[in-house]
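Below you'll find the structures, each written out as structure tokens.
In the two complexes that follow, subunit A is the common piece, with subunit B as its partner first and subunit C second.
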Partner chain A sequence: MTVTSLPAKAPAAGAPAGPTRPRRRRRLGYERRRAAWLMLTPALIHLTWWIGIPVLATFVLAFTHYDVLAGTITWAGLDNFTEIFADETWNTSILHTVVYTFFTVPVAMALAVVIAVLLNAKMRARAWYRAAFFLPHITATVAIALVWMWMFEPNIGLFNAVLAMFGVNGPAWLSDPAFAMAAVIVVSVWKGVGLKMLIYLAALQSIPPETYEAADLDGASGPRRFWSITLPLLKPATFFVFVVSMIDAFQVFDQVYVLTPDGGPANATTVMTFEIYRTAFSEFRISTACAQSLVLFAFLLVLTVISRRLTGKDDDAR
Partner chain B sequence: MPRKASLHMASQTTAVTRRTVLSAAFGLGVAAAAGCGGPAPSSSTDTGEASGAIRLLTPIFEGAEGQKTLEGLLATFKQKYPKVTVEVDYTTYAKLNEKLTTSIAGGRPYDVMLMGVGWIPPFAAKGVLADLGENADALTSRFNKRVVDPGVYQGKVYALPIMLDTRFGIYRKDIFAEAGLSAAPKNFDELRDMGRKLTKREGGKLVRAGVDILSNDLRQTFLPLMWANGGELFTPDGKVAFNSPASVAALQLMTDIIVTDKTEDFGYTQPGAATGIPLVQGRAAMMVGHNNVWLEIEKNAPDLVKDSKIGFFPIANTRAAMFQGGTLGTVAAKSQHPAAAKALVQFLADSDAALAACRQRGNVPALKALESSEYVKANPSVQFAMGNLDSAFSEGGVPAWLEIRGDFKAAIESALLGKKSPQQALDELAAKATQVMARS
Partner chain C sequence: MRVKPSRVLLHLILAIGALIMIVPFAWMLISSLKSHAEISAYPPVIWPTEWVWSNYPNAMGFAPFGTYFRNSLLIAVGHTVINLALATMAGYALARVPFRGRSLIFMAILATMMIPTYTKIVPQYLIAKGMPFFGGNDYLGRGGFGWLDSWWVLIVPGALTPFAIFMFRQFYLSLPAELEEAARIDGMGEFAIFGKVMTPLVKPAIATVALITFENSWNNFLWPLIVTTRDDLRVIQVGLAAFQQVEKTEWAYLMAGSTLATIPMIVLFLFTQRYFVQGFATAGIK
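Let's turn to the complex of A and B:
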């Protein structure tokens, strides 16, 4: 960055000259800065205590052998990282997280765009429909998971009852490793589509109506308007939704924990956050869990940097 | 980007960062503990006058009914020890370790912790638990020896037993009679034969499992089968033994039931299924189950009790075996009020409290004096368990057990699903366990 020094500004003609004014300005600046620091102090203490120290502790502990029960701690170097990458369950959990993200994010985004476009059109009870689609996002996962568990139940559940009408023997959705992750993804898509829809809706409403009017005059059909106007103009929102959803997907925990306790059949739904939880709180391996947290942090950092780059570029363009 | 969305992005990014770092927030407590921690004292508990405010962590006394039971008991305790105040933290066995970890890492462990059988060696070895100063031999005059041993580590008593829980074979006499069978299976071959005969399918769909091995926790189903076949978890000198030929044969039996005989389909049921226990509903002819299945039978199928349609059998092949766990009371080595904490443990292990706890959970009393109680007389499942304690086996025994036990489920499932052979599944598990034990 280049810094240019500006010449000292001469007093304006007719303005009272003398030492009083600059001193008052300096004093005012000092007081304002002091007030700002005073007001910031509680937030800074809060951030340091609840975020700064835990982050620092996690980084440090990841390189130690910390025995939480005995209260002993020794330097471990990279042992914990070597250990986790030799652990089949952890490596599988990374794969499952990627699979979960791969299927959750694009599917939910596609659905969200379609729903947002439909709910942007004029129709009766539009507000009710919007609220209905947003409702899963603000509903407690534990509560809705119980309903989904009933629907997935192999003997009396809704899905298998519907399949039985067509003569199909439905699977044990949450107990069969071939279907457990799919079931979790379905619930996650259902839960996540509302927020994405809301963001798309906001973006749709910012598209100037004149653009569509011009397209109408040119005789563009509905699909053509969607592909040539709506979708390109939704690009900034799409970038945003995509990156935030990716980060969110990497942190999935509650749906997995409630629907498939113990990480699912044969660890079929064990994702990174669940494995971190299990390592720390079931196996008392705090240092290993810290190392796993750092790996997850690295994934999220990369995604955040990508997000900054993509959205930053977009902001510059505008 | 629209301004609204841009603002939202900013807040989301902040939230993500915060959530990311908060996922590691437990490190704060950990760091604090690391700074001021150290091996806990292992001295005997002070037995002076009991006083002070103590905290109790309990994985039993669940739900509103359990809470009501414990509150009643603590009111009695308060009358006996007016200077002691007890603050209770209710949890479940599934969440017990989470509570223990955070309390210990935070430098403020619960004064009294109720734990399972496998928990004592790991916690005693790390100095978390206080030596209760009891004599193990003397305790066996009051308690069954089977339940005293799990509370003893390196000759010292760290826990007093409150109740036992067991897993064994349970069968429907009426379904057996319909199939022309008059007695429960006495070995693995009979178990498979009867299972095949009792299985019922309609249009390819399983409507009655011949043998239900999935309603119970998979590890706790596998272990009694392993013991019944002569296998052991660990050798006397603490080496992994659960991949021995006898153990592999036990897992092979489970695999055969699912894969070869198809007497139960994987996913047919699971522990704690919302639809209830298949045996109680007639959707299974026999099962490996918990003794408290009786409570569900009494509640949901009283006719089965009335008509004596339920029978019990020990899992047997080369020997009879029954899985035996239990709940024990311990005192934290760092308790500020060890006398009060020990008084509470003794109170909870005593007859009135133990009986109330057993009645609430349908479990087996640890006190010999309760063998003749009305509760035991009225509960055939508990009577069967008490009558077969000679063939009971318990899991755990090594300090690394809590790290190892969680891996059994995935290993067993991989065999049941045909992803790995029983030998391969147990060999891999054994290798991992050996590694964990070496590290510990």
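Let's turn to the complex of A and C:
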């Protein structure tokens, strides 16, 4: 990130230091700073109120017993954490989150990079293709998850009807513990490809065309160019997409909530966010939910730090 | 001109891919207009023989989709307006005025950008619930429901995003200092310089932030889900999810509701693609 410092107080070079000059400059500086603080204050109040304090509160509440009905609060040490890790459902939800991320992120990324490379060529209808791939990203997850739910309908849904044409007897996707997570992953890949493609496309456009000239002279084939030139040059973008997608995937909620209510068949699709939601807002065990949130936060932090390490200095450029 | 076979292949692959992306939307629209007999037929009827437009008014008879739609629209417009007002000011101050502690504040705002939703949502709920003097609460915020089930809670907490401040700061930074100085020599006040000279020059950023804020607000689900229980305060995404849980098999009505919940964004996107793409690409690359 570039932090450009402004030419703050332009030194009056060569100007004779008249008696009125310094005072006027000081007044101007004061007025500007006053205006700046006035403009900044509403935002600072809002961010402190709705982000700063809540984050601190999450950390504090996770180490206390807070009874929301009685309004009492007592120190708990690590009790909440021992409690959640003794909870089978919570541990399963961690596993599901990891499985979900493990399948969603690489698949969507691979598809995204291929589509981006194909779309990077000059061609007719390019903007239309791009719009089509990006459309799922900007539409509401809830509404579109309902459409997928309808397509996954086991008896009269589109999905199984298409499978039947190939002689495959489709399962009861969303109510079968063996397939529910797979269905959620399919929806997420479909929804997630667009944004990743867009970031890749932006990165591809910054690769100068001359880069490919030597390869053209050597007569390198398309796939060869992709593996030997494009992909290595996309490394910074890849790491960036990877981090963002992981963070997103770990926080998946909407499609899980809609497609497989109540954690899915036999809790087959319950993820960390869903457990936090359930603990906090249907059981009202606030402190426990905060402890769970911190575990999720720790996962995200570790993932971010690891990928920063892997990218090294590359990431500082963004 | 000879058509290269590789071109044909390229278009073929992209067309199939694009089709897969579009099919759910098309299926949603078609299903929302099917008769009861055709929607429950097996194998599915691809092209209905009869287009049942009355599914839409009928769906609204089952659930107040009109109210949900209006609520979502009010909230999304509210968020967009407030976010633009607060974030342009904050971004401008951070970009154009040197003062002590500026970089510290900027770093703090960057940090808030990276805070995941789930690290703050539980206390946010408690803050809303404990708002003093609201919803039957006493001066310490006890006894009642505070801001829960009110317009306040739907609009205020989500009205400012650190991302918008960041975006505006970057745009204001790129403006030349001469403009500002010329205006100052003309005797303009600091707020007039901000409002009349500098802000008109960051219109692309305004368009981008406005669209992304509107989109996020329209599509938001978790926050309105946890803070509202009253039917007349439901936003369309929550209303839709609630409707599904009651009327599990009314697929035509569900698809009509889904269409209402997605069409505004789709239309907005198709007309303003450029800004969306720019916004998400810069948000991605920075």
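Just so it is clear, the second predicted complex is superposed on the first by the 269 of 318 C-alpha atoms of A that agree within 3 Å, B and C clash if a C-alpha of one lies under 4 Å from a C-alpha of the other, contacts with A are read in each partner's own complex, and residues count from 1 in each chain.
Note that a residue touches a chain if its C-beta (ideal position, glycine included) is under 8 Å from a C-beta of that chain, and two chains touch if they have at least 3 such contacts.
Because the structure is predicted, anything quoted here is derived from the model rather than measured.
> Could you tell me whether subunit B and subunit C fit or clash when both sit on subunit A in the superposition?
After superposition on subunit A, subunit B vs subunit C: clash.
> Have a look at where A:283 lands relative to subunit B and subunit C in the superposition and call it first, second, both or neither.
first
> So, A:199: does it touch subunit B (first), subunit C (second), both, or neither?
A:199: touches subunit B and subunit C.
> Touching A:254, do we find subunit B (first), subunit C (second), both, or neither?
Second partner only.
> For A:168, decide between first (touching subunit B), second (touching subunit C), both and neither.
After superposition on chain A, A:168 lies in contact with neither partner.
> Looking at the overlay, does A:35 come into contact with subunit B only (first), subunit C only (second), both, or neither?
Second partner only.
> Does the superposition put A:69 against subunit B (first), subunit C (second), both, or neither?
The answer is first: A:69 touches subunit B but not subunit C.
> Have a look at where A:50 lands relative to subunit B and subunit C in the superposition and call it first, second, both or neither.
So A:50 meets both subunit B and subunit C here.
> I'd like to know which partner A:240 touches here: subunit B for first, subunit C for second, both or neither.
A:240 sits against subunit B and subunit C alike.
> Comparing subunit C with subunit B, which touches more residues belonging to subunit A?
C
> Considering only touches as defined above, state whether A:302 meets subunit B (first), subunit C (second), both or neither.
A:302 contacts neither subunit B nor subunit C.
> Once both complexes are aligned on A, which of 43-51, 97-105 or 115-123 in subunit C overlaps with subunit B?
So the stretch of subunit C that bumps into subunit B is 115-123.
> Residues on subunit A in contact with subunit B in one complex and with subunit C in the other?
Residues common to the subunit A contacts of subunit C and of subunit B are 49-51, 53-55, 57-58, 61, 68, 71, 149-150, 153, 155-156, 199, 202-203, 237, 240, 244, 247, 251, 261, 273, 276, 280-281, 286, 290, 293, 296-297, 300, 304, 318, listed in rising order.
> Using the touch definition from the top, list the residues of subunit C that touch subunit A in their complex.
6-7, 10-11, 13-15, 17-18, 20-22, 24-25, 27-28, 31, 39-44, 86-87, 89-90, 92-99, 103, 105-106, 108-109, 112, 114-127, 142, 156-157, 159-160, 162, 165, 173, 177, 184, 189-191, 194, 215, 218-219, 221-222, 226, 236-238, 240-241, 244-245, 251, 254-255, 257-258, 261-262, 265-266, 269-270, 273, 276-277, 280-281, 284-286
> Hey, which residues of subunit A end up touching subunit C in the complex?
1, 3-9, 28, 31-37, 39-40, 42-44, 46-47, 49-55, 57-58, 61, 68, 71, 115, 118-119, 121, 123, 125, 127-144, 146-151, 153, 155-158, 161, 164, 190, 193-195, 198-199, 201-203, 222, 237, 240-241, 244, 247, 251, 253-254, 257-258, 261, 272-273, 276-277, 280-281, 286, 289-290, 293-294, 296-297, 300, 304, 318
> Mind listing the subunit B positions that touch subunit A in their complex?
1-2, 4-6, 8-9, 12-13, 16-28, 30-31, 33-34, 37-40, 94, 97-98, 101-102, 104-105, 122-123, 126-128, 203-205, 265-268, 270, 273-275, 283, 402-403, 406-407, 409-410, 413-414, 417, 419
> In the complex, go through subunit A and note every residue touching subunit B.
49-51, 53-58, 60-61, 66-73, 89, 149-150, 153-156, 169, 171-172, 174-177, 199, 202-203, 206, 236-237, 239-240, 244, 247-248, 251, 261-263, 265-267, 273, 276, 278, 280-286, 290, 293, 296-297, 300, 304, 307-308, 311, 314-315, 318
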